[in-house]
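Order of writing sets the labels: A, B, C and D. Residues in every chain begin at 1.
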Amino acid sequence: MAQAAADVADDSGVRVGVAPQDADLEAVAETGVETWAQHVDPIDYGSNTGHTLAETVAEAGADGTLINHSENRLKLADIDGSVQAAERAGLETIVCANNPEQIGAVTALGPDAVAVEPPELIGGDVSVATADPDIVTDAVEAAANVDEDVDVFCGAGISSGDDVDAAGDLGASGVLLASGVAKADDPRAVLEDLVDPLV
Amino acid sequence: MAQAAADVADDSGVRVGVAPQDADLEAVAETGVETWAQHVDPIDYGSNTGHTLAETVAEAGADGTLINHSENRLKLADIDGSVQAAERAGLETIVCANNPEQIGAVTALGPDAVAVEPPELIGGDVSVATADPDIVTDAVEAAANVDEDVDVFCGAGISSGDDVDAAGDLGASGVLLASGVAKADDPRAVLEDLVDPLV
Amino acid sequence: MAQAAADVADDSGVRVGVAPQDADLEAVAETGVETWAQHVDPIDYGSNTGHTLAETVAEAGADGTLINHSENRLKLADIDGSVQAAERAGLETIVCANNPEQIGAVTALGPDAVAVEPPELIGGDVSVATADPDIVTDAVEAAANVDEDVDVFCGAGISSGDDVDAAGDLGASGVLLASGVAKADDPRAVLEDLVDPLV
Amino acid sequence: MAQAAADVADDSGVRVGVAPQDADLEAVAETGVETWAQHVDPIDYGSNTGHTLAETVAEAGADGTLINHSENRLKLADIDGSVQAAERAGLETIVCANNPEQIGAVTALGPDAVAVEPPELIGGDVSVATADPDIVTDAVEAAANVDEDVDVFCGAGISSGDDVDAAGDLGASGVLLASGVAKADDPRAVLEDLVDPLV
């Protein structure tokens, strides 16, 4: 799948990243695709067995990291610490959150981007543009109210190029998705459909 | 101590609240002092054994609740849920946070007030005005950038009336303190000193 | 409901306890019924805002405390610390767990009793004796293998006197239940039915 | 360091394992040294962004995994789930715990081995044999009381071959250490000293 993403990114010129588990970071990075960690911990070098050091994932080839993904919600103080750790290691950051209020909150912590993930749309087939377009426009507005330089991604309700197009119309600068590609019979075809509106 | 706080509030006209453990809420509320819970959980009526329902502490006499105190840091999504639960139960809210960035973040969740608690000053004798005045002014600015209607409290580095005065000069609308009163030989005298600049 | 439990205990001679939220402990204890906290934290006197001190709930009238209830799962080290804190404060302890292996584990921490709560039976109407009798007999055996002096309670799948009877036949020394009484139109009648086999 | 450990294991015939962060598992495994993950999550394939799947670390070359390390304490139910996930993926398991009571507890969950880590000895230079020999013998006894087939390791207070020797005399089947090797100027020399009593 990482190779397919690398190829689709090359062919289309569209920015495509892959976020595997830590143990697969190096193998994914070797395909040349933009590589993202799924999480880093708010720690520095030291006694942190069982935790993820930002520098370690950067050395394994990660270009950036997700933080506070809906499947791994963190304490506010740890989101702040993880953003700082990622910046220290030269990793780009996308911090996820559930709703516009929380999007405003994480924007205040100074990440590169934030991603709004309406809980009811995660992992499903329902398009965000149909089900809950206001959550994207409200998230864009909430982020802009705090810091206009932070991009807003749509982190759920995306499974096709039409959804990507709709998310862009609602103000999103990009999208996050998982099951729509990961469970596809032909991931390359799905990826080609997803980037099509951006070519 | 609750009775002393009730008396000092009555005599001075200054707003004084006490935040006991849940099991002591009713007894504290009976003194007539403004009574605050230390925490409420992001839950509604239902199967939540071992958690604190906002309605239960409100019925026991709480007027408000602290959320995300430095000794009880919460997930961002749970701070959001706890603020909503408190509002549903008619409780006023003060959300605590470590630094100006996090103060900006919690302000975006719409509480009545926020309190900045520089970790290095908690539980000590060092005055915030001496040790780290910028953290208060920066927190006031970070909150105002997000929502001008949210008050900012100073949650550490306060042990005397002079500290209260200094915190006010730095832009704080109030203060939180614990050990300075709780460990005092004469809590009433300490409380009288604390409210003196506000009379 | 606490008054009903107090009356049923008095009339039947059966041991009945009620485990309310902390803010209601004092009011429940005043009915004379045996009173249990839902949780205590692994802490001593000190800086623990938002946490529950065992001594505080004991002073409010609690005779014992649940620990690690299925709705409030704890770290192993914290279960250990909470059992010790409860003993320090003179509270009896019942530690809950999901399955026979975990029942063996918590028995090793030296509580007064343990309660097995099959996750699929919690909050439902299905009788443990019908759905999963082996989990109770296996839990009784797992506990006895570690420490024969620790009682085993059945913590789910109980809603009638017949269920209490069946749990006893499977080796349980008592039962925990919530929704069966809490949501009943006539809690006193349900309680009378529950204790009937033990009179 | 992994290469030094591989060489020392080959030369001495002593079993030596290395437990890196996930992103380094593959590189460590390529040295041929026995490779251990620091943690696996209690999850199966599915929506678990930011968590560690046992199968993923096994495919990256891990032979086993630590669980509940002192720097990453878990909920009891999650220790149970992580042991099961590791076994499903064919990983050997060592579950860590603070004291003899908790060692008895984790032994009941059926891991391959347990490791006792007296908190006051972690990361320091003090030998367990000098500081707290009873904690090792008590842990060995607590584990044997629950399941005689589970090995007990000494997880702190080890920095030399003499400490390894002493731990063996106290009943430990092996040792865990970190800073003693990781911070050494000459890790290979430290490793050679550590295995010397076992050659």
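We take it that a residue touches a chain if its C-beta (ideal position, glycine included) is under 8 Å from a C-beta of that chain, and two chains touch if they have at least 3 such contacts.
In UniProt terms the chains read A, B, C, D = Triosephosphate isomerase.
Remember, it's a predicted structure, so these values are computed and weren't measured experimentally.
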Length of the line joining the C-alpha centres of chain C (Triosephosphate isomerase) and chain D (Triosephosphate isomerase), rounded to whole Å:
35
Could you tell me the distance, in whole angstrom, between the mean C-alpha positions of chain B (Triosephosphate isomerase) and chain C (Triosephosphate isomerase)?
34
Cα centroid separation between chain A (Triosephosphate isomerase) and chain C (Triosephosphate isomerase), in whole Å?
43
Touching two or more other chains - residues of chain C (Triosephosphate isomerase):
none
Indicate which of the five shapes (line, ring, star, complete, other) describes how the chains touch one another.
ring
What are all the chain pairs that meet the touch criterion?
A-B, A-D, B-C, C-D
Residue ranges of chain B (Triosephosphate isomerase) in contact with chain A (Triosephosphate isomerase) within the complex
68, 73-80, 97-99, 101-102, 104-110, 142, 145-146
If we count contacts the way the header does, which residues on chain C (Triosephosphate isomerase) are in touch with chain B (Triosephosphate isomerase) in the complex?
19, 21-27, 38-39, 47-53, 56-57, 59-60, 62, 66, 69-72, 122-123, 178-179
